[in-house]
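Got some structures for you, see below.
Below are two complexes that have chain A in common, paired first with chain B and then with chain C.
Right after this comes the complex of A and B.
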């Protein structure tokens, strides 16, 4: 058996010089320090993406993206198709965990200042992927076409419509018309299964290539140590094997959640029925949604909600561009302000999510 | 490069070609982008102009209740109040567009999304809604309820 593998390896090696790749991987090291654990969340997020693509393709074999058939087709997947409930449940859970691990990955990169020069592009592509994750969540939420998702989409797109100037056209563009209808479903379906995955894959490719080219970032406190005191671990195989082990654990957690807390389907959306109580966005939008509630309906001459949206937009842009305004970290100095800002963001998100969840 | 500088008309010719090429690229890009953008803009569906819609027989409508009817492709809430008055209002909450409902226990119109409240005339009385609900005209003709747009 081993000989066959050896043969295959040699056959490929002869043609594409695998030797170089192995040497390259062998030279890569992952810094070992007390915050090393956070290095794993990027890999975990990648794993969730792979799961989403796989289960998403499986769902596509039965799902029908039209307002007459969507709900019934999901019902069909869950009740008739063998293991259909499991596939859908995994897709729904992995979506949530994906965003959670992307949050963790983003904040750990932020606090380690791993975005600093020369890794600005890695940060930007990562942030764009994060925004896309939210887009995946929003568009995927409508696809089962149930009452909750119908009204959540209505409210969500209406909020987008409050953005000055571009809001109106943006709302019509997302909805595929003036109201949330079957046209909205077709559109979000297209975004969810074709447009977003395409763009995401390109961004992911760039992100991964950059990480391979530049190696893994060393936190400031680590890079200041003399070379003899730097503890490292080879990327291949040590780090990779640990990452794979974590993937296995994650897969188990996912399976347990999907089996014991399966995703439910609710009631089919009816545009001519009253909204049910308890309309809430998914948890990852909850903190924004909840904070919008605290804005008075009018601030000076502007609509309170509009002001809130603009503030969140500005905060997002500031966050996206941090490698460019945090010059101190790029010079290898401590930047306490960035730490406090990040801490504030984490606490703000946790508290408001909690408040939104309670209400 | 040297011999280009030496021959000015050759340099001009090269510049000219450069302009031509960039104009061509721009034109090409525009001729691709414009149709794509237009394609993405949802076409205006010619809505059948509805002027009046039946909301069923008055005798089938219990007092102190409300129901949603379709007015074209918009929902309209019709409330038959306990004191025998009929109200018809747009059912789209003025806050973020959820569909409102009549709450018997509160004798109010209520939006479940963010706890917005309106009185039976559609005035926004509490919660986030910024404006009142648009009223519709109600007439009862031969025992049947008709809803129409306010003139």
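Right after this comes the complex of A and C.
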């Protein structure tokens, strides 16, 4: 058996010089310190993305992206297609866990200041992928065309419509008209399965190439240590195998969730019905949705909700551009302000999400 | 001596009181003059209740009734208004009739809210000329010969009301201007009703227009506040029909409302506010209200239960019922106290209505057919119940059973159809319908059981997968440890 693998390896190596790649990976080292655990969340996010692509393709075999057939096609997947229920449940659960692990990965990179020079581009591509994750969540949520997803999309696009100047055209662009209709479903379906995956794959490629090229970032306190005191582990095979181990554990959790708490389908959307009481967006938008509720209807001469959206927009831009304004960290100095800001963001998101969930 | 003084004093004040009244009327120069020239109005006014209360012509027409100088009496300076027109008529009336203090002064106990009610009523709307209410007080009460409501001469005395209302409501030309869709044959129908026949004979007790529609406060039948709005009809009818004392002389039961309230129709209308459910008038008629005859019962019920009536009419029971003069639907289902039809009605048990006529020694095959039909419908019933439990169990386990749930509705529909088909009293037709339902229930059962089986299969599958993945993870963990020990 071993010989067969060896033969196959040699066959590929003769053609694409696999040995060079193995040597390159063998030279790569991952810093070992008390915060090393956070390094694994990038890999976990990647694993969830792979699951999403795989299950997404399987669902595409049966899903029909029109308002007349979407709900029925998902119902068919759930009841008639062999293991369709499992594929859909895993897709739904992995989507949520993907966003959760992306959140964790983003904050771990933030607190470790891994965005500092020369990894600005890695941070930017990562952040863009994070925004795309939210876009995946938003566009995918409508696809089953059930009552909850229909009205949540209505509320979500209404909020987008409040963005000054571009809000109106943006809302019409997302909805494919003035209201949430079958045109919105077709549009979001297109975004979800073609446009977003295409852009995401390019960003992911750049992100991974940059990581391979620049290596794993060392935290400030670690990089200050003399070389003899720096503890590391080879990326290949040690770190990769540990990554694989975590992936297996995550797969187990995912399987348990998919079987014990399968994704439900709800009731088919009826555009003429009134919205159910207490309609809420998905948990990852909840903190923003809840925050907007606390804004007064008017702040000076501006609409309160518009001010809220602008503030979130400004916060997002500041967050995205942190490698460029956090000069202290780039110089290897401690920046307490950035730490407190991150801590505030984490507490804010947790509390507001909790309040939104309670309301 | 003391007694004499008291009697004399009383006599003196009585003379003063009655003498004053006489003086008031006799000193009304308008009346004196108009009577002397033979005016019809003055002649009528002599019989008017207002005349007896000392109300002068000037109280409605303005002017000075104390002078015999016509120019002075009918001068604008004296406030002479002439013949009031449009809403001014009602305004003249309500100066007193909407004023409790004024009415008390004349010793009247009649309510003072008539105008408020009239204004909010369907008659208080603007007339087609756009300047006045459709109805003024004098439209129903007349102008100069107004007498008390309980006076048989009054146009609003119970026996006169149909004619009074009919003045407008039986006039197609007049009614077309306001509501072209409203029939104008109400009085005509009313005269054929039990109420109308008695009313025409001079009995003031049976219901006439105002008994059901109200008098000053008449609202459109579409208005939920109206006494004749579907949900209010039973209580409107029961106002008289549940009053044992009032109905005593007519010798008819007074438990109809109590029974109806407990019936499937009453619960639908009164508790669920389903206005498509029948009220009293749906079976008895409204203006032509009369109990339906034995022959017409199935026709009356058939207006809603069309299929049941049709099946019954072509069934062998039709002839049998007609021969025995049995009322068709009500023999089995009762009349006012119609309860939800269950399978219990069918069969040969003591509660079953079939057993009232069909006995075990029945020479016809009715007894056996009833018994078999009951067994069949019970079998469909229990299959549907079992299927429902199975489907819900699968649903609670988180399984997708949309198809089975949909088919379950088909089974339910088949059961309802079977119940309808009972009215054909044809075993073959009935069995065909029940078998259709049983076929659906078999399919539902198969699907529900498969879903439950799938549920357990998933858990076993998960258990095996988790074991395999955990085993792989364990192997990987051991391999990593061995690798890192080197």
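Here, the second predicted complex is superposed on the first by the 359 of 359 C-alpha atoms of A that agree within 3 Å, B and C clash if a C-alpha of one lies under 4 Å from a C-alpha of the other, contacts with A are read in each partner's own complex, and residues count from 1 in each chain.
Just so we're on the same page, a contact is a pair of C-beta atoms (placed from the backbone, for glycine too) under 8 Å apart; a residue touches a chain by one contact, two chains touch by 3 or more.
Everything quoted here is computed from the prediction, not taken from an experiment.
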| item | value |
| --- | --- |
| Contacts of A:347 with chain B and chain C, given as first, second, both or neither | neither |
| First, second, both or neither for A:277, with chain B first and chain C second | first |
| First (chain B), second (chain C), both or neither touched by A:154 | first |
| Footprint overlap on chain A, comparing chain B with chain C | none |
| In the complex with chain A, residue positions of chain C that touch it | 398, 400-403, 458-459, 461-462, 465-466, 469-470, 472-473, 476-477, 479-480, 483-484 |
| Sites on chain B touched by chain A in the complex | 40-42, 45, 68-70, 73-75, 91, 93, 96-101, 111-114, 128, 130 |
| Residue ranges of chain A in contact with chain C within the complex | 75, 78-79, 85-86, 233, 237-238, 241-242, 244-245, 248-249, 251-252, 255-256, 259, 261-262, 264-265 |
| Chain A - residues contacting chain B, complex | 151, 154-155, 158-159, 172-173, 175-177, 179, 181, 183, 271-279, 293, 297, 303 |
